[in-house]
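Please find the structures below.
Here come two complexes built around chain A, the first alongside chain B, the second alongside chain C.
What follows is the complex of A and B.
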């Protein structure tokens, strides 16, 4: 029983962190209706940033957010201006291949600059957190708490601020939003840059838990895709639920079956969802159709 | 709306050969027999093989609009089938490659059942996930696939085992494969079935209203594309004589299948061939000149070029060329 509790809870914690990493992707998908195939490399860049702040400047990785998040916001804006925005009015495939090219470019640029070595940072907290008879890495629990705070703040911002309302209006109906005077191209830019900033935040939370190397994004981006589709593209609370599902599946299957099969189980879970609930678990109607509509 | 790139053909009429294609074929035949240094022959072998694979992918991706990023799974299934038959049961690859193709077609049918209804990013992501399932299975089913250590084919030259000492034989083999893929594509181009495919790709609702079953024509296209990719996988194994899941079924290989037609011109018969003839030698040469000096530099250059090409020439080399010939007042 203790083992099961330990597995489920650590699945929830790690799953929430996966969700944090996927929120940027799901927002960008919901608003721009494009899949950013370089999302994993944005995470990689953020992790190198967090690593550099910690190792070279001696900052606490959680404090590194102060620099990494705005830097990733600017980087996202730049990528939007140079690559995404020129591709938006072209056939759907152009943006797929352009972001995929960007992903290969960033991987190899990182390989050139940082070599293929794994970089990590020393533990932030020297001790584990105990909940009753259960033990957890303190970094894991802190990551979970940060994710919950971020999700709540984001949900509030989307519901209550003018910008949030404009973003939600753009998700619902692009043309109508434009007619109501919402500057849709600017909303696209802000969403893309904001989504990138959120990946930067996730990178700072993940740096104490994982090593960074040039192709680190590939592992995580597949997880992020699974989460985004499970939760329904564009939904933040969906991403949280999807992330927690993936975390639990991974944690249970790697203990009871074999670590190598952990990944396989959530890909199978993903395919099952695609067969039976193509709109995601929470399923806004028609989500599976909008991807290709324009 | 403008979801699919226009079908810009270098051939004036569907299903016929243009002067350009015949000239290209003659050039290929000369390359097969010409006495060229070994290291260049290696590049040409790969160029033919990738051109055949890109053509196979294009049947699903370009002609049908099924943008698959999971074709490495079919590639791996073909490669593993013929290699396992050869290494474990001593079946000649001349039989094995067809078994690999059939098994890949069967898996293509399964993938079609799962994914063919999905659209856009959902289809892309599902194919990516399906290929990952196959990769992890191949990695862990060691008794069959050799797991992460992979499988090796005995390098002793023996025509029965499809292992040759001369590069000319491999060149002929790969060109034969490219011609098979290309001939099937041209056949689709000029056939009734081809028109069904284009109709279902360009406007699904209108096509169903006209009596075309979009799901059925797509399933057949995906199976055909998978079978050809599987055969290409077997040939790859016979050339390199070594297989491991991390390379053969990697997402990188899937992306490569898609990138060559995207650069060359999606949905045209000649596009993927032009894509491979341009990109494969370039990336091999960049790899051999720069790869040893700075790791990653050749792929960084390659991917930067790719971004520029897809942003500014969305209909690929074939589109740019036929636009050029049209401007000269050549074809309409």
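What follows is the complex of A and C.
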């Protein structure tokens, strides 16, 4: 029983962190209707950033957010301007290939600059967090708390600020948004940059838990795609729920079956959801919370 | 107020409008009529700066706007209520109205304008927390117009606002449009309901195959033999 509780809770914690890394992807998909295939490499870049701030400047990785998040915002804005925006009014495959190309380029650039070695940072906290009889890595719990706060703030901002409303309006009807005076290209830029900043945030949360190497993005981007589709493309609360499901399945199956099968089990979960709830766990309702459903 | 000179409009290679010219005086209600596929909506979208590529001149208050993106035209007071209303279905009535006031000038006045809109369209006030997608067709049209009014338009473009509405709403809508005149808003309205619109409009244009073929005061066109034969079935 203790083991089960331990597994489920750590599944929830790690799943929430997976969700944090997926929110940028789902947000960009919801607003721009494009999939950023370089999403994993954005995470890789953010992780190297967090690593550098920690190892070279001796900063706490959570403090590194102060630099990594704005830097990723700028990087996202730059990528949008140079690569995504010019491809938007071309056939859809152009964006697909453009972001895939970027992904390959970033992997190789990282390989050249950083070699294929794994880099990590020393533990941030000296001891574990105990909940009753259960023990958790403090970094895991901190990551979970940051994710929950971040999701709540984001949901609030989308619901209540003028910019958030403009983003939701753009999702629901792009043309009507333009007709109401919303500068839609600007909303795209802000969303893409903001989504990238969120990946930077996730990278800082993940750096204390995982090593970084040039293809680290590939490991995580698959999980992110599963989460985004599970949660309903474009839905933030859906991503959180999808992430937690993936986390629990992974945690249980790697204990009871074998770690190597963890991935297989959440793909089975993925297939089951696709068969029985093709619109994601929250279905249309989930998608509608930022607004896709037409 | 709004001058259009020799406007040609294209969807890609498809040439839809041919040398359209309009001259709309401040405070007028102007009708635009024509058969299906004549290019009425195309003209409206072209004025709003959406969908088409255009050649020709469009001047709003003597300022050339033909090269401006849609949101800049909105900011200057040219606002389109498109065909089929196009509300944000998963937002409440209130949020739809707030989005209407997105441009900075309108946003500063949003509270005041909202009060005026609720006065003009009291049903909106009752439905403010309801999702726009769950309203009846007539109510949705009122929201669409209310949302456009939130943008503080000087020229309001209405594309078939009575489409699919019950007669009682049609009547209400034309009353509403007449009352916009009192607010000093210039209106260009596309309408299938030719009789109604020609009675209300100060001037009207008839569009046929992407060309203006007739223009004149609403009353005069109502008695025009050609129009009678072509559209009124008399």
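The criterion applied here is as follows: the second predicted complex is superposed on the first by the 284 of 294 C-alpha atoms of A that agree within 3 Å, B and C clash if a C-alpha of one lies under 4 Å from a C-alpha of the other, contacts with A are read in each partner's own complex, and residues count from 1 in each chain.
The rule is short, and it goes like this: a contact is a pair of C-beta atoms (placed from the backbone, for glycine too) under 8 Å apart; a residue touches a chain by one contact, two chains touch by 3 or more.
Keep in mind the model is a prediction, meaning the values are calculated, not measured.
Among chain B and chain C, the chain that touches a larger number of residues in chain A is B. Of the two partner chains placed by the overlay, only chain B lies in contact with A:271; chain C stays clear of it.
Once chain A of one complex is fitted onto chain A of the other, the partner contacts of A:166 are limited to chain C, with no touch recorded for chain B. When the two structures are aligned on the shared chain, A:91 is found in touch with chain B, with no touch to chain C.
Of the two partner chains, chain B is the only one touched by A:218; chain C is not. In the superposed model, A:179 lies in contact with chain C only, and not with chain B. In the superposition on the C-alpha atoms of chain A, the part of chain A touched by chain B in one complex and by chain C in the other spans residues 288, 291, 294.
Residues 29, 34-35, 83, 86-87, 90-94, 96-98, 100-102, 104-105, 107-112, 115-116, 214, 218, 222, 225-226, 229, 233, 258, 260-261, 263-264, 267-268, 270-271, 274-275, 278, 288-289, 291-292, 294 of chain A are the ones that touch chain B when the two sit in their complex.
Residues 48, 50-51, 69-71, 74-75, 79-80, 82, 86-91, 95, 98-100, 102-103, 106-107, 147, 151 of chain C are the ones that touch chain A when the two sit in their complex. Contact residues of chain A toward chain C in the complex are 162, 165-166, 168-169, 172-173, 175-185, 288, 291, 293-294.
Chain B makes touch with chain A in their complex at residues 1-5, 67, 114-115, 117-122, 124-126, 128-130, 132-133, 136-137, 139-140, 251, 255, 258-259, 262, 266, 294-297, 299-300, 302-304, 306-307, 310-311, 314.
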